[in-house]
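One structure is given here, and the rest of the page talks about it.
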Amino acid sequence: MNKGRLEAFSDGVLAILITIMVLGLKPPQTADLSGLIALGPELATYLISFVYLGIYWSNHHHMLHATTRVNGKILWANLHLLFWLSLLPFVTDWMDEARFAPTPMAAYGVVLLLSAAAYTILQNAIISEEGPDSKLAKAMGKDVKGKVSLLFYIVAIPASFFRVWISGLLYVGVALIWLVPDRRIESRL
Amino acid sequence: MNKGRLEAFSDGVLAILITIMVLGLKPPQTADLSGLIALGPELATYLISFVYLGIYWSNHHHMLHATTRVNGKILWANLHLLFWLSLLPFVTDWMDEARFAPTPMAAYGVVLLLSAAAYTILQNAIISEEGPDSKLAKAMGKDVKGKVSLLFYIVAIPASFFRVWISGLLYVGVALIWLVPDRRIESRL
Amino acid sequence: MNKGRLEAFSDGVLAILITIMVLGLKPPQTADLSGLIALGPELATYLISFVYLGIYWSNHHHMLHATTRVNGKILWANLHLLFWLSLLPFVTDWMDEARFAPTPMAAYGVVLLLSAAAYTILQNAIISEEGPDSKLAKAMGKDVKGKVSLLFYIVAIPASFFRVWISGLLYVGVALIWLVPDRRIESRL
Amino acid sequence: MNKGRLEAFSDGVLAILITIMVLGLKPPQTADLSGLIALGPELATYLISFVYLGIYWSNHHHMLHATTRVNGKILWANLHLLFWLSLLPFVTDWMDEARFAPTPMAAYGVVLLLSAAAYTILQNAIISEEGPDSKLAKAMGKDVKGKVSLLFYIVAIPASFFRVWISGLLYVGVALIWLVPDRRIESRL
């Protein structure tokens, strides 16, 4: 089975997710700079969710590039990942409307955590198909960045009920860790 | 005529359908967990419709993979399938807003039934082009899963006027039958 | 210059146009069949616009399939076509909201007429690049269907101010003429 | 790393951006021509933003066509460009709702300026990967059109606070400069 359509479909879903969030951005209520400033939090959450989806697209691109074949299990692991990512605009909106209240902040982290878990499942499904001696398996190595991210999310979710800015910082922190595309794969290929 | 653009266009439409449903998910009305719990039914119908569209994408992927050429009839059979699938977000919304009233529950089943019928028409159009000795024709065999699904829908539609939970169970049941990608094709190729 | 991205971009825009119209379909206001029946006109205009976009996609597919190379002029002729088609959901909505009043009915025809003109311009740009002896130029021949369509639109636009059902019939008529994919090209290739 | 998915993803995002703006076009409030005329400004801004996105797609197409390979830096330079372009529907809406007030007019220019800067960064990232003797580097030459555009935007942004029609004219002017696809690249290839 070839991977072309899996890439094309994932590109389609990610491209739509990344752009429908902009539909949630209502024009400022006033025609001056204060209107734009009042929208600051919405623009900031749009930016962070855009960056997260960009990171997933970029890493997905790298991982599939190193993949030689796909099977039914991989197709569904990929749809599972897309399902959690599709909830990102939903929790972003909630976080905005609730003005960064603890529960929506935690919900944002839960969606990020489940997306990361789904990505790991997809990665394992691909490695299991490719074999332990494949380029991808070797390139992944210990997957330190992946494990650190999961740890950050697990800390950030309960933290939002104490200090929301801590979980906010942790979400930004994970994004910064990943902003650099996965050089492990790039350097091996 | 090559099948590349038919796949690309179908991927585009399915990717958009699967993601526009998330636009229908309004953020919870309160900033605590009770707001999220109140959205439970919407999230459940989002999940089931997402899974249905995922199943169609996955089976479409498998079927087209086993297809060697397309003609004008296949193009239109494919557009016909996409038309019925495009109504899925519409009936999902109706079911949500009417809180699982009998008529919207039946309407959901009608759209699923007509989508399944359209898929069968597309399959027959492809088999008729490929010939009875083609890999696809052999892989399809008796198409037991397809026939069981049609039967389930035909029972579920009237059942919604007696007990809505029966049709709900049947819709979930069909999804579970298909969640495993079509191994008939996969094992033959 | 290769035609792959022109096809991919056009597929993307057409796939989105064909599916965003479904966003305009609000769920029925009541939870019974009368609610669905009240939406009959919206569903009918959704169907006709879906068919028109399907026709353009199908004919575009056939035409580009017979095209060997593209230039800057063809890129812009294609964007020009996509611009007019992008207004189809807009005039469809207007026609619905205004309950088939004469002006929106005429506006629908104007958008169809300008789309058809844009398609002809694109076709001429491609034939001019391919040369008069190309397969496409020969396959087009006298383009009777194209000319009949233009005539129908030109009659339908003023007719909507006298009897809206006449223009309605003419729009359906053109769709029926084109529903069969362009056999001129198919038979030559 | 191949450039196919970068093109496909960019095509997806641009196709969605170009078509979601049409979702912002509400049907006219009355069923006669006066309703359509009242929407004139919205239609005009839709047209200009459509043309801008078309220009970016066309130039992106040309530039990537002349690109032989991509790296992680290019992926992110491309996502950065898509981020600024994704804000175009947002500022277009604001400009419409605020009836061309100075601040939204300036904001439109700021988004155009940052998109142009992001395009230049992407171009430099590609040239740096391709090398100074590559076809692309030579085709770009002095990039007069790019520099003139930046100058126009820099004048237009403050100008909107004195006379909005001046910045309006400058935005239309830049669009006209670029409407012709980049013949520098086309003629060299």
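Per-chain residue numbering starts at 1, and chain names A, B, C and D are given in the order in which the chains are listed.
Note that in this section a residue touches a chain if its C-beta (ideal position, glycine included) is under 8 Å from a C-beta of that chain, and two chains touch if they have at least 3 such contacts.
Predicted model, so just to flag it, every value in this text is computed and none were measured.
**Q** Mind checking the rotation angle between the two copies, subunit A and subunit D? C-alpha superposition, nearest 5 degrees is fine.
**A** The best-fit rotation has an angle of 90 degrees.
**Q** Taking all residue numbers at the subunit A/subunit B interface, are over half used by both copies (same) or under half (different)?
**A** Result for this pair: different.
**Q** Per the centroid of Cα atoms for each chain, what is the distance between subunit A and subunit B, given in Å?
**A** For subunit A versus subunit B, the centre distance works out to 26 Å.
**Q** Per the centroid of Cα atoms for each chain, what is the distance between subunit B and subunit D, given in Å?
**A** One centre to the other, that is 37 Å.
**Q** At which residue positions does subunit B touch at least two other chains?
**A** Counting only residues that touch two or more other chains, subunit B contributes 8, 12, 15-16, 20, 23.
**Q** In their shared complex, at which residues does subunit B touch subunit A?
**A** Subunit B reaches subunit A through residues 7-8, 11-12, 14-16, 18-20, 22-23, 25-28, 31-33, 35-36, 47, 50, 54, 57-58, 61-62, 64-65, 179-181, 183, 186, 189.
**Q** Given the complex with subunit A, which residues does subunit D contribute to the contact?
**A** On the subunit D side, the touching residues are 1-2, 5-6, 8-9, 12-13, 15-17, 20, 23, 71-72, 75-76, 79, 82-83, 86-87, 89-90, 93-94, 96-99, 101-104, 107.
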